[in-house]
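Chain IDs A, B and C follow the sequence of writing; residue 1 opens each chain.
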């Protein structure tokens, strides 16, 4: 009896690994396609029958992409980098402050603002893109970094996450600091923030990825001066000048930074999700 | 930012001291200081929400009663004309249907797949972190790039698409996946989003699974429960809170769908076919996407969508609360 | 109502300042008199003009327009080569502070731009030279007796075929739509489609052709409604519906209709494309290609080709309207050598001044000349009152009919109603 059970359990484990391996191949397939197309000739991509191996193992497509003056890949990457880094930094600071205040106060103003935050969480920025666009163009911020970054800086999501995280933050640490004569501002930066790097890393990673990958808002507000890499690639895809190998070389270049950030910070993300209120 | 705060260093201790020894005057001052600090901390966030969310929404509500073409300061009041135009627009109504269809497909599918992956990974001895990373990593890819892969390589209707190539090798013929003559574009849309988001929700569910106390399983095992019964009677009920959050997030995200629809289906020069148009895409097309910048119509559309979300949110809240009450009884 | 708006704005501005967000937020885009990208032109210094072009697909065009701009003596002209969705970008830019002084727009400014006072009357820029231009184009740019733009070059679309393939299939160049269908079917092989007109099955680019080739106009003579809601038109759509279902119509190719690659790669035997692609086709096939108009549909039909002209407009809120108008006159009226260069040296376009046509070698003979003749004899341009909303409704109905197989009459009835109310809005 026991032996039978052991064998069937072992078979089950093997089946489990086979299923996982098949799924892993499927999940990695799109990455393979990016690489295949980025190192292929146009002829190979449009060939009558799919070929698995690329035919151009060199950097020609990437060099061509960066010298293609109709695409302006270098500038687009710069715009995306500025947007993602600045927006992540500012969003995290704004949300940290608000999230902390909301976690430590229970008076009426705090409750109202918490409710407002949750309401904003439900009516996401994407739904109100027209009002925000109207405001941004009225401020004269079209095609500026301000217009690209500032309207998306006030993240109800990040504030909510920080609030939930601070609810579980031990008050004793802060109280000790306050007794030592520090004001709430200094306490916050010197005691609370350094002890919250996990959740900051998690939220920061999510914001960074969202910012780097944003499409709708950059498409609305950027023109030639601040166009981000996602918008550039999207427009290149449907433009008259599209060249598929160059397009996928662009996808490769655009996906690498965010993959690196992701791989390095994945740990925080997983921990952050496990420790906060997303449940 | 730190400069004005620094100058207030002195009285900062007051609130706490006041809290300890509550003489009347000190308490009041303490409260005031407390409020001051609260205000300082939330000010950037509150101001940002007001300037970039609530004032714009109010402004759009105002615009929605005007003929606001290519202007944000309209003069021609048209009453409810923009609203009645939209509500009688069959394409607007069908865009709501597209959202419903999309949500009906993507929300349960993502949930089931994420849970499946989470369960498949739980208790794995070897290579658990590796597989988790593999399923999680698509989260980092943008919808634009994913749509590019799906549109040009996987689901291309031409002879060089990967799936069409395979179909022909198996003796079939090319399918025009994205052309709209069949429902192939739904396969592409749903599989794309599934690939991109399933890992994220898998992580949320893994966290939820890890919070289930081990003793619960052990107790159930002693009772002889295993396999499906364990899942049905232990795991799923214990996971209820996480599941509710996951389903809610999935639904909100489905409502916002724009990027992959746009990048899979849009044509040259910013055109978009009448099929497969979720609400945001339709709103974009009729208000900002064309040569006519119709902000009045766009404002009306925003109001309608916001109203739908609010009504839905209230209903959802009510249902959840009822559910909690019922559980407590 | 006025008060409400101003109140809202001050409130918003105040909050922004409090939050230290509006670092330089003083430029309130609502005050339309504020500065354009044209810098301050004080005293006797040369004015600066911002000029926008959409991104042309042919190599060398960008360098050419920069060269023209640099050689203009009376102003500093900064050319913006706009990647992305130009048709949306320009109207959006005209709402903001960074707008072009001079910009090209397909078939001149939109009706909304004209009626919104965003562009200036260009009648006096053309002056007596107006008679030198292609009159169909001038007619298209005229609204209420005024000409709103100066045409640059004329673009057109047409059908490419290969005589060798037709011979092999034993068919003649098609002059009716049913002959086109037969020819497409005869040339279709396992690896090659018969006819290609875009990855949407041709719905987007051929929609208007169905109207014109069936013998109708977009709008009725009084411009109060659509001019084609007739049984003959519906029959044409049903014919294309059937064609769409057959495998002779290629519905997906490596590039879209505006690029001749599918034709050149042998993905399709015939393709609807642009005159601008002719150099590529010539390079690939030498003399083994010909061009046709879209063939007549049904008994009342006629062959038709669409044409349009990107035309230079001047923004009304430019600080240097006169300098901008002078620049447009210099480039697109007086500089005939540059106009020939622009039309002939890169892609293939037709100059809009009739006398220059013989100087353009690419359209002086062979298929190029055939194409130029087609514009003169069978050319149609979209009506100025065919506005965005009408076009959107038309395209949606067209997709539903051709792709989804809906009934034409019931699909197009609401389009007709929408057009009537839209035209009433415009006329009223």
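Everything that follows uses one rule, which is that contacts are C-beta pairs under 8 Å (C-beta built on N, C-alpha and C of every residue); 3 or more make two chains touch, one makes a residue touch a chain.
No experiment lies behind these values; they were computed from the predicted model shown.
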### Query
Pick the pair with more C-beta contacts: B-C or A-B?
A-B
### Query
With chain centres set to the mean of the C-alpha atoms, which chain is at the far end from chain A?
C
### Message
Using mean CA coordinates as chain centres, what's the gap between chain B and chain C in Å?
### Response
38
### Task
Compute the distance, rounded to whole Å, between the mean C-alpha positions of chain A and chain B.
14
### Message
Give the residues of chain B touching no fewer than two other chains, as numbers and ranges.
### Response
44, 48, 51, 55, 59, 72, 158-161, 267-269, 288
### Task
Give the residues of chain A that touch two or more other chains, as numbers and ranges in rising order.
45-46, 48, 135, 137-138, 150, 239-240, 244
### Query
What parts of chain C, by residue number, touch at least two of the other chains?
12, 16, 21, 29-30, 85, 92, 95, 191, 254, 256, 258, 267
### Task
Within their complex, state which residues of chain B touch chain A.
2, 5-6, 8-13, 15-16, 34-35, 37-38, 40-42, 44-46, 48-49, 51-53, 55-57, 59-60, 63, 72, 117, 120-121, 124, 131-146, 148-154, 158-162, 165-166, 168-169, 195, 199, 203-204, 206-208, 210-211, 241-242, 245, 252, 255-256, 258-259, 262-263, 266-269, 280, 283-284, 287-288, 295, 298-299, 301-302, 305-306, 309-310, 313
### Query
If you look only at chain A, which of its residues touch chain B in the complex?
16, 19-20, 23-24, 27-28, 30, 33-34, 37, 45-50, 93-95, 97-98, 100-102, 105, 107, 109-110, 113, 116, 119-135, 137-138, 150-151, 153-154, 156, 159, 175, 178-179, 181-186, 188-189, 209, 212-213, 215-216, 220, 230, 233-234, 237-240, 244, 247-248, 251, 254-255, 258-259, 261-263, 266, 269-270, 273-274, 278-279
### Message
Under the stated contact criterion, what part of chain C meets chain A in this complex?
### Response
9, 12, 16, 21-23, 25, 27-30, 34, 55, 57, 62, 80-85, 89, 92-93, 95-98, 191, 254-256, 258-259, 261, 265, 267
## Note on the structure
Contacts from chain C onto chain B in the complex sit at residues 1, 4-5, 8, 11-12, 15-16, 18-19, 21, 29-30, 85-88, 90-92, 94-95, 110, 112-113, 116, 118, 191, 198-201, 203-204, 244, 251-254, 256, 258, 267, 387-389, 392, 395-396, 399-400, 403-405, 414
### Query
What residues of chain A sit close enough to touch chain C in their complex?
42, 45-46, 48, 69-72, 135, 137-143, 146, 150, 223-225, 227, 231-232, 235-236, 239-242, 244
